[in-house]
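Below are two complexes that have chain A in common, paired first with chain B and then with chain C.
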Partner chain A sequence: MRRVPVLSWLAALLAAAYFLVPLYATFKFSLQMKRGELSFESYRSVLSSDLFLQVLGFSAMASLAAIVLGILLVVPTAYWVRLKLPGLRPLTEFLSLMPLIIPPVVLVFGYVRIYGTGSVLPLTMTEAGTNLLLVIGYTVLSLPYMYRAVDNGMAAIDIATLTEAAESLGASRLRTVATVIFPNIRSAIVSGAFLTFSISLGEFVVTSLLSRPGFGPYMVQIGQDYAYQPAAIAIMAFAFTWICMVLMELFATARPGQGPFRRRKGKKG
Partner chain B sequence: MAHLPLDGGTARPRRRLARTGWRWLGLLPFLAFAALFLILPIGYLVRGAFQTPDGRWSLETMAQLFSPEIRASYWLSIRLSLVSAGMGALAGLVLGWALILGGLPGWVRRGFMTFSGVASNFAGVPLAFAFIATLGRLGLATLVLRDVFGLNIYAAGFSLFSFWGLALTYLYFQLPLMVLMLTPALEGMRPEWREAAESLGASPRQYLGRVALPLLAPSVLGCFLLLFANAFGTLATIYALTSANFGVVPIVLFQQIRGNVLYNPNLGYALAVGMIVIMAASNTVYFLLRRRAERWRS
Partner chain C sequence: MSFLTLTDITKSFGANTVVRGFDLAVEKGEFISFLGPSGCGKTTVLRMVAGFETPSSGRIAVEGRDVTALPASKRRIGMVFQAYALFPNMTVAQNVAFGLKIAGMERAAIRARVAEMLELIALGHLAGRYPYQLSGGQQQRVALARALAPKPDLLLLDEPLSALDAKIRVSLRDDIRAIQRELGITTIFVTHDQEEALSISDRVVVMHQGRADQTGSPAEIYNRPATRFVAGFVGHLNTFDAHVGRSGTLFFGGRSFPGIVPEMREGTRLTVALRPEALALAPRGPGDLQIGGTVIDTNFLGSVIRARVRIAGISVAADMFNQSGAAAVPAPGAEAALWFSRDDLLVLPARADA
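After this line comes the complex of A and B, so read on.
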């Protein structure tokens, strides 16, 4: 119909170069640890370090805890707002989006002041308290994404009918949410969970300012001490982000009980 | 009207109010969480910003934001965010247009979209590492440019750890983010509009300048503001790149929390409030622009 879109191709090629050159360069760099040959030595060096596994384990646990906390907070709330309080939707939406406006450094500044030594609720006095604060911080940072994912999932199913059906069969409210609503939006939740995981695992600011032995601060330290290992970490982090995004996308598009590829948001216009 | 047949009527506003009065209890856990871990910490900082260290209410602390050092730090942050958002918005508009309206095959578009989803989330410390390995003093691209093309970028004044190096690094997540955010607007450009313009005798340039760009302008501007806010709050990338030696506001605040570098804790609060104000302003304008942009779609 039209001629070959030269300009479009040019733009796409330039962008592809900008995106791929750093990845290629980083990968190549990461292979050069042994002089004069290409090897995976830097990867071996990173992966075999006890500290690496330790901080990764810590961050993974904290991220998982943040996911669970996020689900427990967001699912009932989004459900309740959609079902009973559509008028309060702007409020919950605003609150869930607030973390996008508040930079993490500001948020954690508030935390260390309010929940620090000498406050009413000195969470940072104990190890467990600080860990709890870290998990809460991760939950807050991922709140916008979790809320959006869950809310989109709920838009795709008919909550009102499902609830009525469950109630007419004698299910309690809690049971309705746990056994009817939850399974129906499971893929939306999982999709939000993967995003949360990818945000939290390498998080630096909150982790560092709460002095937690997480993966983010560890990476910064490696960056200061070594040359080739950081490149290996960058490649692994990119692969990890990629996997999280693919899984997220996969679960976000798969909606039980709906047409296979309905991706439009369920808003009536 | 999919749900809530009971709440539809306006005839019994009082009863509806009474119902809402109990129902909001279902939101209590969420609201309590938000109050404790969002509102309260911010409120604390805001209060501190309007007090002196000895607890007197005053505008003195906020006024210190305008001292030369702090102002320089804000100005640096704003410039870096403006430049990186501008680059991201422009490049994202061009790339997005090429992908969605430019007649490229579907696989190119899908590939970029998937990649954008990943790259827009590939920020922080690993991104810094990738760019050090690429454009650092011994980065691969730096060496190739020097040895193959005879172009020594560091001798020419470029440094990854300077303003433009940082802006170029930020582009790695700003550009894909722009593409992702602008896609709905670009998809909303109806072929009929182009056909109407063409049938009225408009040249492609006229269509672009008089129809397409004005229609896209609110979206583009809105996304630009979001990119601005995104860059303004970025800390980890810059920290890992410059070892905290680049005095943008988040870095100054970070150092302030680590150890009292400003010699006045309340100035830290003021710094934080200043950041919130800038972030909130750009997000609010973004929101207004988006509402305006949505008038054309639906």
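After this line comes the complex of A and C, so read on.
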């Protein structure tokens, strides 16, 4: 008979409790806005706030822009380095990890100094320029995750041989990337995109110091001013992160022809 | 004028020269194999023909047109890779259609050509499958169809059978040759497997250390190896150290054979070689020569029985057909005489300058 590994289970339960108890407490608290009964009043209050929708919309747009910029930056770089300059891989890997080492506060002060008033390129003087800096900041912060996801995706397929196969059939480099490489690392790109999104959406330091009306600073402000609404927002943010994780998992394990973006054509057999 | 001409091709990667002074002329419709051990430069030559590598010096021409600097995408080649390299995101039909789409063919014409190609490789029923749903052999057939679909000038096969099971390897090999004959397409086939090269090629180029050691028909390569390397690499070979005595007498295997190398100078050291199938237990013709020794053991290989005989301290393999009425197989420990014809004796340079 196999013995039940009591100690292992105990350790697992303790670890789970460490996460679940505060989550439960926050959730319970968020339901207690109306005295003496459990209700979703705090959620209603948050969702009906114009400001909430505004900042959420702003942060979502900025995050999406960061995803697009990240993909445009990372995919060609990772592809080119793997194909033509494999010796540079350790360097690009190291560079992509820099944002984990350099605190965002240093990054944003660097931006403000370089692109501030009186500089050659005074981006912070205009609204659009500051927004651009914000998007660039988000892209940099999510670079370690985006690069890793895309690079792993490229490791999973033999990009050198696939590129040669496409070229021998007459495809230009651009066409090869668009029709062969890109679709085959799509799930990796989507994983990187979800990670970028979840990092950027609630980002506080860069958003706050560039004084942009983002979701992160809003949450902090709400936390100072209200009791129940922050708990509701925390729970919603948590749920959202989980949805992102599940979607990532779905895309990461999808095979052609049966993924979430199943193509209708090509069904013949 | 030859269809494909390689003139004095050299390729170096840094200080490492992998191809030196390589010349080759390929006729239209010919099936040529590059045979050699790994690192001999055969794949590099193929990749230069494909346009994936640029020669350090030399010239590549197709029908007299210099293509040395032309990118791979403009060379009208079809390439099949060892690792199949099918596009994982596309179905079998979409893979085969890829080159046709790029060529700007009309949809109806593409559909017809894809159907025709899938018919050719007998996989029409799998048109809607994705590569991961196919076996290795099926994937490689699709890769062949994909390469041939745009009607390329040249078909390049880079060890296409190496990743497959033994049985599939032989059947696909025959299919490749049959399709090649049917389409009459000029083909270069790279392999390290001598049986593959000898069995399906019009001509074989045996490569060694970046050079073409010998170019010739399979029979020439096997029966008349030009260098010691070719002799040793292609087929099994029994080699003996030998030297020449007075008036063309050859000494080897503990025996002397008077007058059989009259053109050689006395005192010359060389190596002589005999294929296992050149040795027989009984003379097969008048004037056959004989060596002898003690049987070590015999191996039953099906159609052939291989005896190993110790002659002058070395182990010599001799093959006999397994047929009724053949001479009795000698028992280990018995004395055996092995007969061979002068014509089968290969005379090669001595080891030192190999």
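Keep in mind that, in the parts below, the second predicted complex is superposed on the first by the 252 of 269 C-alpha atoms of A that agree within 3 Å, B and C clash if a C-alpha of one lies under 4 Å from a C-alpha of the other, contacts with A are read in each partner's own complex, and residues count from 1 in each chain.
Keep this in mind: contacts are C-beta pairs under 8 Å (C-beta built on N, C-alpha and C of every residue); 3 or more make two chains touch, one makes a residue touch a chain.
The shown structure was predicted, so the numbers you read here are calculated from the model rather than taken from an experiment.
When the two complexes are overlaid on their common chain A, residue A:162 makes contact with chain C while staying clear of chain B. Once the two complexes are laid over each other on the shared chain, residue contacts for A:77 go to chain B alone; chain C is not touched. In the superposed pair of complexes, A:209 makes contact with chain B only, with no contact to chain C. Of the two partner chains placed by superposition, A:123 touches none, neither chain B nor chain C.
Residue contacts after overlaying the shared chain place A:154 against neither chain B nor chain C.
The partner of chain A that touches more of its residues, comparing chain B with chain C, is B.
Residue contacts after overlaying the shared chain place A:104 against chain B, while chain C stays out of touching range. Legend: residue contacts after superposition of the two complexes on their common chain; A:170 is shown touching chain C, with no touch to chain B. By the document's definition of touching, of the two partners only chain C reaches A:184; chain B does not.
Where the contact sets of chain A with chain B and with chain C meet, they give residues 158, 269.
Looking at the complex, you find that chain C touches chain A at residues 50-52, 71-79, 81, 83, 85-91, 93-94, 98-99, 102-103, 125-130, 132, 143, 146-147, 150, 156. Residues of chain B that touch chain A in their complex: 2-4, 7, 20, 23-24, 26-27, 29-31, 33-34, 37-38, 40-42, 44-45, 48, 91, 94-95, 97-99, 102-104, 108, 112, 114-115, 117-119, 121-122, 124-135, 138-141, 171-172, 175-176, 229, 232-233, 235-236, 239-240, 243, 250, 253-254, 257-258, 268, 272, 275-276, 279-280, 283, 297-298. Within the complex formed with chain C, the chain A residues making contact are 157-158, 161-162, 164-172, 175, 179-180, 183-184, 186, 255-257, 266-269. Taken together, the chain A residues at the contact with chain B in this complex read 2, 5, 7-9, 11-12, 15-16, 18-19, 21-26, 28-30, 73-74, 76-77, 80-88, 92, 95, 98-114, 136-137, 140, 158-160, 195, 198-199, 202-205, 209, 216, 219-220, 223-224, 227, 230-231, 233-234, 237-238, 241-242, 244-246, 249, 269.
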